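Consider the two complexes below, in which subunit A is the common component and subunit B and subunit C are the respective partners.
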Partner chain A sequence: MEKSKNSGRAGYYLYILPGMLGFALIVLIPLIANFVISFTAWKGIGTPRYIGFQNYERLLVDAAFWGSIQHTLLFIISMTIVPIILGLVLAAVLFDYISAQFGETLSSFFRAGFYLPQILPLTAAGVLWGWILNPIGIVNAVLKAIGLDFMAQNWLGDASYALWAVSAVIVWIQVGYCLVVFMSGLARVDPSLYEAAELDNASWFGRFRYITIPMLMPEIFVVALTTLIAALKVFAPIYVLTSGGPDNATTVPSYLSYYHFFTTNRVGYAAAIATLQTAVTIMLGIFFLRMQSKQTEGGR
Partner chain B sequence: MAATASLSTPIASDAPADHRQKKGFTRWIVLAILFVFLGGTLFPFFLAAFNAIKTPADYAANGPLAFPRSFDLTALKNFWANVDFTRKLFNSILISVCTAILAVVLSLLNAYAIGIGRVRGGRALLVILLISIMAPQEALVYPLYYMAKQVGLFDSMVSVILIIGVLHTAFGTYLLSSVLTTFPREIIEAAQIDNASRWQILWLVIVPVLRPTLAVLATFFFIWTWNEFLIPLVFLVSNNNQTVSVAMGVLSGANTQDPTAVAAASLLGVTPTVIFFLIFQRTLTRGVAAGAVK
Partner chain C sequence: MNVFSKLAVTAGMSLLLAAGVAQAQSKTFNVWWFELPDTSQAKAWTKALEELKAKHPDVTINFEQKTFDQLQKAGSLILNSDQAPDLLEYNKGNATAGLVASQGLLTPLDDQFKSRGWDKILNETNSQLSKYDASGIYGSGPIIGIPVHAEFVSVFYNIDMFQANGVRVPTTLDEFEAALDTFKQKGITPLAYGTVDSNAQHLLYTLALTQADDTWVKNYQGLKEPLDTKPFLFAAQKIVDWVGKGYISKDSTGLKGTGGADNLFSSGKSPMFVSGTWNNGNFASSIKNFKWSQFVFPTPKYSTASTGNLFMVPKGAKNKDLAYEFIDLILSKENQNLQANLGGVAIAADPASVTDEVGKRNVEIFNEISGKGGLGFYPDWPVPGYYELLIQATTGLVNGSTTPEQFADRLKTAYDDAQAAQ
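Let's turn to the complex of A and B:
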């Protein structure tokens, strides 16, 4: 009996085989290959030449690379921090106020509306915003129409505004995701908590501060982790809106490595950028998951 | 109004409706502010729609903000014909459907072994699979590009389907494993007593029960694949193989001199997803959360 059970379990390995084979071929081997390539000088053809840490040494003095890291930090703000704050406030207003005052249909309507930008292809969103932000585009037309001509800018073409313009677009895309996750989190909060607070005459802000935020901690964690990983990987919006320009003012590691892989053909160098990016992302992921498991152990 | 208010607090529906007083004026202000925000969020869509149907003359005379005074589908038709949009739509649908099916099947098989079969190392596997979610695609793309060239799968939709399918499998495995771990053992044991093979148990017992979850998962995979950019950009170089997402990316900045043409392009680029969104709105807005927090 015991023996047949054991062999029964072994039979399940057959089911995991295709998935593992795929993972090995498409994730693991390429990842390792990329790591190895990062120690070589290679143009994509011929034999890669081993050069040790030279690619990494060059990265340390590459202004474009350091710039890309700074931009990533800004995109963490526009992709993670700002959308989480806006999402929390919107979710709380919709859940705790609008659906109580005006009914659930209306709050679902708002939720759907704010979520819409999130599911667009980033490239289509990019074309749309590229058109809105270009020098003869909508933003400048609006400014002109309300008599603020002097504020009109070449939003994506001017190094001092491009980064902020892209950040704004990213916020537009990301708020919906945070909102949706937070609203479904609120659905599992016991309504009597809010009612008790209301009976105690707690202000809306008091309820937000002392009920909504603490109760949503698990969701905030998950959203922070997923959006942080996404922020470290930003590629399509940059590719479409600015191509990293002007003068690398908006470039990010993903774009920089793509550029070196396929435009300058400095494959080893690009691989080094991608390797560093992977290392940072995975370390951050591990750190977050550790924190999360600690928090859930202590919290519940 | 009282009835709808109590709907939102279904657990204690009698008393609280009275306590939640309607604050006459502020609620309208809050509502107005929200509508302004929502208007701002959706404004780009309206802009694209308005300007895509204007004649260039109307656009030139009245600017982008004016309500259209002309109705002209030339810009849309031109864009459609120029980029062979029918073909792009077909490619996107084909790739997204195949990827969704592949990813769901792989996820299901993985999750069956981990959640039901409780194979040794199952949990460790789940952690390792997280690499597919975390690793930036740039770190995989060049070796994959090289491999595809070696085996003759470069510029082939098959390579894109395989790659994206496997990448999405991580999320699916994660989600389905946690669902299957809580699958009632009695049902499976009953099937085993009836001499059902493992394969039969999977397809005749588990899949029918999981069908709604699998459908949600497939919807997600479909839309994610539809929006995927880097992999199709690198692998699908010829015009005939490109997806809507890549066509949009390649187009950016290409014809900014004609604003109504760009508006038409944006409109056509976002329309398919907006249609999916209208169809799957409930699945999407609820499902995101289901997947995110377990």
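Let's turn to the complex of A and C:
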């Protein structure tokens, strides 16, 4: 009996094998290679030279790196916090107001509209935003045409606006993802809860605060985790919109790593940045998963 | 036939087949370049490929269009693999050509340079960037690449606006600033400028070259000594001054040179644009409402200018003779004149045989700069990663987040790092 149970298990391992192989090839081996390279001086070709912790020592005093960490914190706000809040409110409005008052069709129309940026190729969207926001672009042309000249700014070129302009574009991209997950979560909530609350004269905000948010907690955690990881490794919007500029005002760690890998040919240093970034992401990921399992346990 | 002899015959046949395939493969000439199809270079080179095909009807020509970025980012990895072509265009300079040359990934061309007479076509100034030493620094060592065109930064100017405002082509920096001021007084932002791409450093380095002598340029480009920042400090201060006086718009930090500032010039909003010859095609076809021309920015000797990208033969190339023959073709007088007649800056064209106005003017200007040994090259060459650093730091100067002193410090830190690491 015992033996047959074991051999049955062995059969299952065979099914995991392709996944494990893929994981090893595209995640594990490069991860280890990256870690090893981070202790070398290497130009990308030729033989790497072992230099101990020098790359990490340099990293600790690199102003560009610390600046990029600060920008990441801001991108956590624009990629995770703001889209979750906006997504929750919009989902609730679409679900129990627009849908109830104006019908399912209009609600679906808005949902699709908000989700659109998610299916647009990021590079194409980024190039378009670049045109829209440049000093002789559409935003400024419109502002000037309606007499609001003083509001026309050098959105992506002025260090005091660039980070906010990029953040706004990122919110535009992210909000649809949160919205769609939250709306599908709301479909699972028992309608009788809302009906009972309405009978008790609960306001819209009261229902939002005491029913929608608590019932959506599992979705909020999933969305928070995935968007947080996305914020920690954000690259494409920065690459397309500002290339880290103006004057490094929007640089993030992944862009800095890319910069050193491909342009300064300091591959070891780039690997050190990537290693540190990976470590932070994994730690935050574990923290969130713990929080989430605590939450679900508490829910039981 | 018994089993063994059958086997032997089969084995022999497959060997022959394999050899046949190998033979057929070696008859494919693989060539890459990244100049866009509508440029004068690409058109002239395509013509040369047709001639090569006509001479060797048995050879399959396999041309692949690459992008500058593709080769800039992955070129060294490709050259280090068995996927390298027989001949390719590659960016000149220490950080690119120098890096792959120092790793021994290229075929030395010294013998061909003499035996095929390329040394008669390219003078000493024009072949400086063909040689790289063991640490990848240009100027000495084996010849590993051949330039067939050239490029330079000059001042594009709007003749109509100059005449309407009584401005003459300046011949000194003071006159240049006086011209800027005249336009500013009339409410015109005189310089079209965009700091989001290389345009940032072209103006900056051109200004630095007003303060540079032979030693400075040689040391700077050759990573010979720690950086002497004086010329850069001067240039940075000028840019800050010009922004303050309104000669340069603060909006420059949100604009690229290509696809931004160039439009300000070609639409007649700004009368001057300090940029490279790669704008010629665009301006020749898009400017219809005014007359325009170019002048060399007034400097004592050096201009932001260089010979063009290099044609290189990778170490593992299978058809080196075809590669050499193709270089013969694109260096020929006919092909050079064709390139110039298409509006390009051919490196060895005969101005007298060029009828195209833009091509003729550009060949003449390049010959003038090269003739006095005034190729100052580009500011981003000595240090890998300097291209981005210069963009960021120059942007900082224009939007006020970086002072000229901080600018010079940032340049010096990265430069001295690279210089010490040699």
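As a working rule, the second predicted complex is superposed on the first by the 291 of 300 C-alpha atoms of A that agree within 3 Å, B and C clash if a C-alpha of one lies under 4 Å from a C-alpha of the other, contacts with A are read in each partner's own complex, and residues count from 1 in each chain.
One rule holds for everything that comes next: a residue touches a chain if its C-beta (ideal position, glycine included) is under 8 Å from a C-beta of that chain, and two chains touch if they have at least 3 such contacts.
The shown structure was predicted, so the numbers you read here are calculated from the model rather than taken from an experiment.
Asks: Tell me which partner A:Ile85 touches in the superposition: subunit B (first), subunit C (second), both or neither.
Replies: Touch status of A:Ile85: no partner.
Asks: Looking at the overlay, what does A:Ala145 touch: subunit B (first), subunit C (second), both, or neither?
Replies: Once the two structures are laid over each other on A, A:Ala145 reaches subunit B alone.
Asks: In the overlay, answer first, second, both or neither for which of subunit B and subunit C A:Asn134 touches.
Replies: A:Asn134 sits against subunit B and subunit C alike.
Asks: Does subunit B (first) or subunit C (second) touch A:Tyr259, or do both, or does neither?
Replies: second
Asks: If you stack the two complexes on chain A, which partner ends up touching A:Ala196: first (subunit B), second (subunit C), both, or neither?
Replies: Neither subunit B nor subunit C is touched by A:Ala196.
Asks: One more residue to check, A:Ala159. First (subunit B), second (subunit C), both or neither?
Replies: second
Asks: Examine A:Ala33 and indicate which partner it touches, taking first as subunit B and second as subunit C; both and neither are also allowed.
Replies: Touch status of A:Ala33: first partner only.
Asks: Using the superposition on chain A described above, determine whether A:Pro117 touches subunit B (first), subunit C (second), both, or neither.
Replies: It touches subunit B, and subunit C stays clear.
Asks: Of the two partners subunit B and subunit C, indicate the one touching more residues belonging to subunit A.
Replies: For subunit A, the partner with the higher number of touched residues is B.
Asks: With both complexes superposed on chain A, which partner does A:Lys43 reach: first (subunit B), second (subunit C), both or neither?
Replies: second
Asks: Taking the stated contact definition, name every residue in subunit A that is touched by subunit B in one complex and by subunit C in the other, in rising order.
Replies: Overlap of subunit B and subunit C footprints on subunit A: residues 44, 134, 136, 243, 262.
Asks: Can you list the subunit B residues touching subunit A in their complex?
Replies: 1, 4-5, 7-9, 11-12, 16, 19-20, 22-23, 27, 30-31, 34, 37-38, 41-42, 44-45, 47-48, 63-65, 106-107, 109-110, 112-114, 116-120, 125, 128-144, 146-147, 162-163, 165-167, 169-170, 173, 198, 202, 223, 226-227, 229-230, 233-234, 244-246, 248-249, 251-253, 256, 259, 262-263, 265-266, 269-270, 273-274, 276-277, 281, 284-286, 288-290, 292-293
Asks: Quick check: in the complex, which residue numbers of subunit A touch subunit C?
Replies: Against subunit C, subunit A makes touches at 43-46, 133-136, 154-159, 243-249, 259-260, 262-266.
Asks: Which positions of subunit C touch subunit A when the two form their complex?
Replies: 72-73, 76-77, 80, 95, 99-100, 103, 105, 195-196, 249-255, 260, 263-264, 383-385, 387-388, 391-393, 395-396, 399, 401-402
Asks: Can you tell me which positions in subunit A touch subunit B when the two form their complex?
Replies: Those in contact with subunit B are residues 9, 11-13, 15-16, 18-20, 22-23, 25-31, 33-34, 37, 44, 90, 93-94, 97-105, 107-108, 110-117, 119-132, 134, 136-138, 141-142, 145, 172, 175, 177, 180-181, 183-185, 190-192, 195, 198-199, 218-219, 222-223, 226, 229, 232-233, 235-236, 239-241, 243, 253-254, 257-258, 261-262, 267, 270-271, 273-275, 277-278, 281-282, 285.
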